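Think of it as A, B and C in the order they're written, each chain with its own count starting at 1.
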Amino acid sequence: MPLGPVFTPHSPEAQAMSALFGAFLVLATVIFLIVAGLVTYGIVRYRARAGAGEPRQTFGSRGLEITWTAIPLLIVTVLFVFTVRTMASIDAPLTPDQPADIVITGHQWWWEARYRNGADTANEIHIPVGRRVLARIESVDVIHDFWVPQLARKMDAVPGRPAYVWLEADTAGTYSGTCSEFCGMQHAWMRFEVIAEPEADFSAWLAREAIPPQPPSGDAAEGARIFQQQKCGDCHAVSPADTRVLPGPPLTHIASRRLLGGEIPNTAENLTHWILTPQSIKPGNKMMDPRLSAVDVGPLSAYMESLR
Amino acid sequence: MKTRAPLGMLLFLLNEAVFFFMLIGAFVYFRGSALATAARSLNLAGASIYTVCLLASSITMWRGVAAGSRGWLGATLALGAIFLYGQGREYWALFRQNVTIGGDQFGTTFFTLTGIHALHVLTGLLLLLVLLSGAGRRSALDSIALYWYFVDAVWIVIFAVVYLWTFV
Amino acid sequence: MKGLERWVSTVDHKEIGVLYMLTALVFFLIGGVEAMMIRAQLSLPGLNFLAPETYNQVFTMHGTTMIFLVVMPVLAGFGVYLVPLMIGASDMAYPRLNALTFWLQFFGGVLLYISFFAGGAPDAGWFSYAPLSEKAFSPHAGLDYWALGLLLLGSGTVGSAVNFIVTIANHRAPGMTIRRLPLFVWMTLVNSVLILFALPALNAALIMLLSDRLLHAHFFDAAQGGSPILWQHYFWIFGHPEVYIMVLPAFGMISEIIPVFSRKPIFGYGFVASSTLAIAFLSYGVWVHHMFAVALGRVFISVFAAMSMLIAVPTGVKIFAWSATLVGGSIRFTTAMLFAVAFLLEFTIGGLSGVAFATVPIDWELTDTYFVVAHFHYVLFGGTAFALFAAAYYWFPKISGRLMDEKMGRWNFWLVVIGFNMTFFVQHLLGLMGMPRRVYTYPNLPGWAALNLVSTFGAVILGLGALVFICNILASLAFGTRAGNDPWDAWTLEWAAKSPPLPENFETVPAVRSRRPLWDVKHPDAPDWAAEGGA
């Protein structure tokens, strides 16, 4: 049986939550066993015997009743203390006195991550290993919830109400995340990845993402023309300088991303498929069918492949 | 059993009190963003006049119950109608200033809160009308009176929160 | 035709009670079919049995149906049927209001389901979070039907709560003091007070949502200055007491059934009764634990965490009291008792996993995952539904005059217990593995497919168990053994009435001098009122 993310935390914040859950699990198991033991003892020992009359009528015991009120009270008091202490150690401030390193914005149904240097990407969040970064969680439409189970607490993305979380990973790797608040038709596939990489790799990635992609040439240039002609740019940015709030994810460096739609591998084949029939892979997404001919899709796909 | 009906009505009004508490709560919640429009467009003097009418109607209701008199109850009916007329005029004035439920947070909270209250007043008037026309049972009067006092009391709170608090 | 007219126009509390229960049973079948559709779609990753928009309608309707059209009406039905009998009254205080509130709830349910034929059922979840539930994001009329249907249901519920309180306040038999109320009546009373304070919050929120949707107001629309958080507060100010509203009468049923089949009075009536008051009181201070994932400030959240933990204490008091009632008894394992004992264990699991969500950092991991789905099904199915099965077997002879079949009862019990735990226990694990709830499908991550398949198989077994229950009702109505007035040798007043009771309930109400008037009648040598702690 694979261990769930709750038992494989990869940040101090997630480790604190995991430890508290472990302790809680032990406590809950003990309490359940006590109740189950009492019930089992009752039903085995006091089964009706044939011919037995009414048992002795007893009405309660004040001492016992007070005991099983007082002990749980004590237990929850201790639990409360640990709760408050753990909260304080993992929660980012409500209004931090430093600017956010990443602004993460929920859209129906994709995640945008914009960095302070202008880098802007979708469904893929890069962070440096071993350094805590401050993420600001926002939404432009309905309520979403940002959740990377192995790294950080859940945080609701409420429109008009930004919130903050610490994002940190103690090991390099790819951590899956998901929207955790029901947000409409494609809530299920509002998934994303957090990629934690060594500081040098992270810096290189960040710098690369913040500059405009190479101007297209050849087939890709023809694709760029079709992109313009089809008004794809009304919904998708292709330059870090484009800071409009758009319904579609930025395509600025789409070729450097691992996934399409937070769901399927970013291959030329899948990309072509998506452009030809935008509603087939993630039905309900906000992309209109451009009704392109197979002839046009090739160059457009080549243009996308050139954006790295 | 004489106490039966008023206990049921009292419990119903308890539920209504919580209901209005929530609606007034929403008004207060949005007060910050609604205050400017409120101060600009509300008519305190006009509202005071029809508020007095509604309060007076509680007194006539009380006399009507105590004396069992149709005249006092008729007066209650008239005063309640004046209240609604006054409120209607105020709505009209607001509409002409382009203050509507779909406008800003003031319009949203003001029209919902006072509109729901006005529906309660209207219900009270209809109940009274049924009673006066002889169709209702005389024993229902105690309950209707209780309802009427409640609706008036709620208006006092609404008037204080919506009007007085805006202009102090 | 004559029969139909009678049922439509009846104001008799027993007939209205039966109407409630039958309506709930029909909606239970519908809600059950919806549950099966959900489990079918989720049995394996990437299935296309339901389209995403259909799935969202189905899970919204499943939740709304089970809460508002099954649990609420069936509890009201048992209450309306039993409360007058248990307190020695001839009817509810307001018989016509009783009929009205039933029909309000009936047509509320009908209205909700008409939405399927009017452009689509509501699809924003039973909690309809704004702004997803606003016109801008849910333009079709489903949400309007949802809000209007719930307003009708809510008004009906308030009406029946008023009726219960006045009935219990004014129509008790001589000698039936408040401290001698059967615990089911006591918990129905406390429950009715909860309803009076909780339902108006929902009604106010629904009025505001309808203003937004139909009149272009903006209470909850952030883009226009509204506040989505206000909806959450208002909905959960209703919604958390609502959980106790769905569970307190079930506690009352268990408190009647366990003593009778243990042949002993409840262990510590006073603590069981007063812990109910504590739960009712605390239930208004815990709603924010549904919103711990919102950034609301640590101090604010801590207060609600403390209250949410505290409420576990009076709940625990009850579990211990019921368990201690078994000890020293002479236990008869009827199907009713089997369900009641299983309730103790299943509900304890649900109660304990509830404390996990009061422990804020655990909530930050697990809220809105399948762990929550597991948790509240242990509370509402393992708790309320198990109690309802027990209650059905226990009171069916009073209502119909015939016993339910015990052999089918065993099948019913074991299929439900096995199916239920198989369906929902694994969902704890899915939550711990990171599976979010309210998803129409999921990626094929390690372990997810296997556990979901187990859960779906469990649901099939559970469904079979429910079908056996319905067959048992139908078969027993026709062929069941005649029950007589008091088949369980019980102690509360309803067993002194005929089975089924006369239209006026009692010819003469036995004297009430203790909490167990019929024990006193049957044991004049050792009546409760003479025993210490008995009266």
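Points worth noting:
One rule holds for everything that comes next: a contact is a pair of C-beta atoms (placed from the backbone, for glycine too) under 8 Å apart; a residue touches a chain by one contact, two chains touch by 3 or more.
In this text, all values refer to a predicted model and were calculated from it rather than measured experimentally.
If each chain is drawn as a node and touching chains are joined, the picture is a simple open line. The busiest chain interface, judged by C-beta pairs in contact, is A-C. Centres computed as Cα averages put chain A at a distance of 49 Å from chain B.
For the pair chain B and chain C, the distance between C-alpha centroids works out to 36 Å. Taking each chain's centre as the mean of its C-alpha atoms, chain A lies 33 Å from chain C. Counting only residues that touch two or more partner chains, chain C has 227. In chain A, no position touches at least two other chains. Only residues 93-94, 97, 158, 161-163, 165-166, 169-170, 196-197, 199-201, 203-205, 207-208, 211, 215-219, 225-227, 230, 234, 237 of chain C touch chain B when the two sit together in their complex.
Within the complex formed with chain C, the chain B residues making contact are 1, 3-4, 7-8, 11-12, 14-16, 18-19, 21-23, 26, 29-30, 33, 101-102, 104-105, 107-109, 111-112, 116. On chain C, the positions that touch chain A within their shared complex are 51-53, 56, 124-125, 129, 131-132, 137, 222-223, 227-229, 262-271, 291, 293-295, 297-298, 301-302, 305-306, 309-310, 312-314, 316-317, 319-321, 323-324, 326-333, 341, 344-345, 348-349, 352-353, 355-356, 358-362, 364-369, 429, 431-434, 436-443, 445-447, 523, 526, 528, 531-534. On the side of chain A, the complex with chain C involves touching residues 1-2, 4-7, 14, 16-18, 20-21, 24, 28, 31-32, 35-36, 38-39, 41-43, 45-49, 52, 54-62, 64-65, 68-69, 72-73, 76, 79-80, 82-84, 86-88, 90-91, 94, 108, 141-143, 145, 147, 149, 153-156, 158-161, 163-164, 176, 178-188, 191, 263, 283-284.
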